[in-house]
Amino acid sequence: MFAFIVADTLVIATFVVYFARWAAEQHRLTRQAESLQEHLARHEAARSELRRAA
Amino acid sequence: MSLRNRLHAACGLSAIAFVAVAVWMAACIAPTEQSMGDIQRVLYVHVSVAWLGLCGFAVMAVSGVGYLLTRNLRFDHWFQSAGELGWITSGLTLATGSIWAHEAWGTWWEWEPRLTASFVLWLIYCAILLVRGSLDDPHQRARIGGVLGVMGAADLPLVMMATRWFRGMHPVSPQMDPLMRWTLLVNVLAFTALFAWLITERRKQLRFRQSNDDLQRTLIGRMKCSHS
Amino acid sequence: MNKVWWVLQKDLVAEFRSLRVWPSMLLLGVVVAMVFGLQMDLLPQQKQRLVGGMLWLAVFFAGMAAIERSFSAERDDACWDGLRLFPVDLSLVFWSKWICNTIALSALEVVLFPLFFALSHVSLLAHPAELLLVTMLGNLGLSAVGTLVSALATSIGRGGNLLMAVVLPLATPVILAAAEATRMIAEDALNQTFWRWVQLLLAFAVVFVTVGTLLFPAAVED
Amino acid sequence: MTAPQPAIQTVLLSKSFGLRPVLHDLNLTIPAGQCVGLLGVNGAGKTTLLRCLASLTRPTSGSVHWFGEAAADKPQSRRLIGMVGHESRVYPQLSLRENLVFAARMYGVHQPESRADHLLQDVGLAARASAKPREISRGMQQRIALARALVHNPPILLLDEPFAGLDAHGSEWLVRMIDSLRNEGHAVCFTSHDLAVTQQLADVVYELRSSRLEKVRFYGPNLMMRAAA
């Protein structure tokens, strides 16, 4: 029975680790997307400001 | 959380529940094998991951052809996620097989056909992922991956044949109790469901990453424009 | 179809004039043979068992190095771009390169076979026709895989060396089949299994020439 | 009768390497018989643009057409293109003449040997026909590269920095050569960062800046005015 427990634990633990890495990456990407959107909006605003001044 | 996300989460949870049932069946429901005893229970998970290792190749080959025909990076996201999970499952095949071999044959490793074949399979996965990891341009990565994926899939049956004729020791398909067959089937299906769910989630994530990259690229382009 | 011949002729002439790939390939093969020879302090029967595998590994390593170099030579002076601009189907270029690399492997074997058989005290000429068949099929398969992967490696420039690591797992069936078949020839045991290995070699060559013909245009893009 | 198709036309051509945008939505049209000069600092993407025009590099998005035909659709349509790159694209082991004969055969030129001799005469290398490419000077290498690109008399000629490394005499020769090709009706596109030569030779001059093309007008020697193309 011991071998069985080791084998199944190994398989499931690997999937869990994969999922955890997935979640970490997802978190990073979400934050990156937010900051990129913010950058883009700021850039857009600065440009329209310039255009109005001109 | 949108409806779609909820649906995805529900799929994931049911896949996990399914796997739990499968493991429980393998541990408690399936009868103990007479000659080998409890060690034989390793087989349920081993066969499942071995099957998934092959599935990974099939997905890679199909999405590789898809990319080469359409040059759409969507296919490459399938390719990458199938490659990663295929690499993991074929690695697990080696690990669980090794555990089984240690108990049943008294050795961790034997240059036996199926073992050799899955080792070669794992090496091909390693090589493809390594090469792809060293490339920066997404289209170049997709093109190299596509060609290698098709080559690997074309090679697979030949590897199997060659190693099988070479020497034989691995049990092919022994007589089994019907309950054992059911347990095996449930295990294969459950792990396949988990695998499919992980692949689709990972693919979605890769697409997300690409849209971030596109955004970053437009941002870089705009900045270059306004500075000059 | 004569375009295949023109490229092949160009490659052979260039190689014979500069001798930049073949001598180093032969040297590598001979060194491997020597190392194996030194290590093979075994009974004649054991040597007969081993010689096939050793031989084909030597052919594989020396041959792949040569194939890879013959492609990176195209990269010099950007000849590669010139080749890709010709108004011919690039699959034809695959065929030229494939035939050229098969010839290179055969040249290597002309040197290596006598060497290995002498080292292991196996008679070379017991089954010359079968030996020739196995060798040619093995060469055709190996050079098809090598050609396609080298083309990929060349197309990505630096970092391409890493790609050559893919060839060994992909070529396992040929190496295994050719080694086993050669062992059977050395042991004078030509049974049904031998012909199975020959079939496998044939299947491998056919599969990879097909794959190469279809994928080569995509493999050489930039 | 419909208007003749332009020799080269790009539609929203974009190319990026990873995160770096190199070309952004370029619309470039070159009619037959026109000579276009491309200016730009190092790394502006001139070579990438030329490689896209020659179908050597696949654009990330957008398309290139040669005489109305999508580039790289059929291998046969590559016959329309002749290109001189940074490097000479001749094999160092073959003599100049052998290189030209090989190229002529691959292009399916009628009587490749006499075509090679004729070209060697044209570029003034007939005396060195049996020399190897590494044995001749940079200026001569540029000549053989041009001869190799012209072996099938292509209606479109792309030249990447053709004047780099040439002395005054050599560039004068090249200017004359390109000029006569243009007058014969070839479409020519070349990159350079030599303002004087570009101004002298090109009918239309573009500058590649921040991944976009800007039309350049000259007012007097080397005085430039830019406008979005």
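Letters A, B, C and D mark the chains in the order given here, with residues in each chain numbered from 1 onward.
In this text, a residue touches a chain if its C-beta (ideal position, glycine included) is under 8 Å from a C-beta of that chain, and two chains touch if they have at least 3 such contacts.
Remember, predicted model here, so these are calculated numbers, not experimental data.
J.: Leaving subunit B out, group the remaining chains by who still touches whom.
T.: A | C, D
J.: Which chain has the mean of its C-alpha atoms lying nearest to the mean of all protein C-alpha atoms shown?
T.: Nearest to the common C-alpha centre lies chain C.
J.: Centre-to-centre on C-alpha atoms, which chain is most distant from subunit B?
T.: In terms of C-alpha centroids, the chain at the greatest distance from subunit B is D.
J.: Roughly how many whole angstrom separate the Cα centroids of subunit A and subunit D?
T.: Distance between chain centres, rounded to whole Å: 45 Å.
J.: Need the CA-centroid distance for the pair subunit A / subunit B, whole Å please.
T.: So the centre of subunit A lies 23 Å away from the centre of subunit B.
J.: Take the average of all CA coordinates in subunit C, do the same for subunit D, and state the distance between these two points in whole angstrom.
T.: Measuring from centre to centre gives 39 Å for this pair.
J.: Specify, in ascending order, the residues of subunit B that touch 2 or more different other chains.
T.: As it turns out, subunit B has residues touching two or more other chains at 216, 218.
J.: What are the residues of subunit A that contact at least two other chains?
T.: none
J.: Residues of subunit D that touch two or more other chains: which are they?
T.: 58
J.: Which of the chains are touching one another, listed as pairs?
T.: Between chains, contact exists in these pairs: A-B, B-C, B-D, C-D.
J.: Going by the contact rule at the top, pick out the subunit D residues touching subunit C in the complex.
T.: 51, 54-58, 75-79, 81, 83, 85-94, 98, 102-103, 105-108, 133, 148
J.: Which residues of subunit D touch subunit B in their complex?
T.: Going by the criterion above, the answer is residues 16-21, 24, 58, 60, 209-212.
J.: Using the touch definition from the top, list the residues of subunit B that touch subunit D in their complex.
T.: Residue list for subunit B touching subunit D: 71, 136-139, 213, 216-218, 220-221, 224-225, 227-228.
J.: Flag every residue of subunit B that touches subunit C in the complex, lowest number first.
T.: By the definition above, subunit B touches subunit C via 68, 116, 120-121, 123-124, 127-128, 130-131, 134-135, 140, 143-144, 146-148, 150-152, 154-155, 158-159, 161-163, 165-166.
J.: Once bound in the complex, which stretches of subunit C touch subunit D?
T.: 3, 6-7, 10, 13-15, 17-18, 76-79, 81-82, 84-90, 221-222
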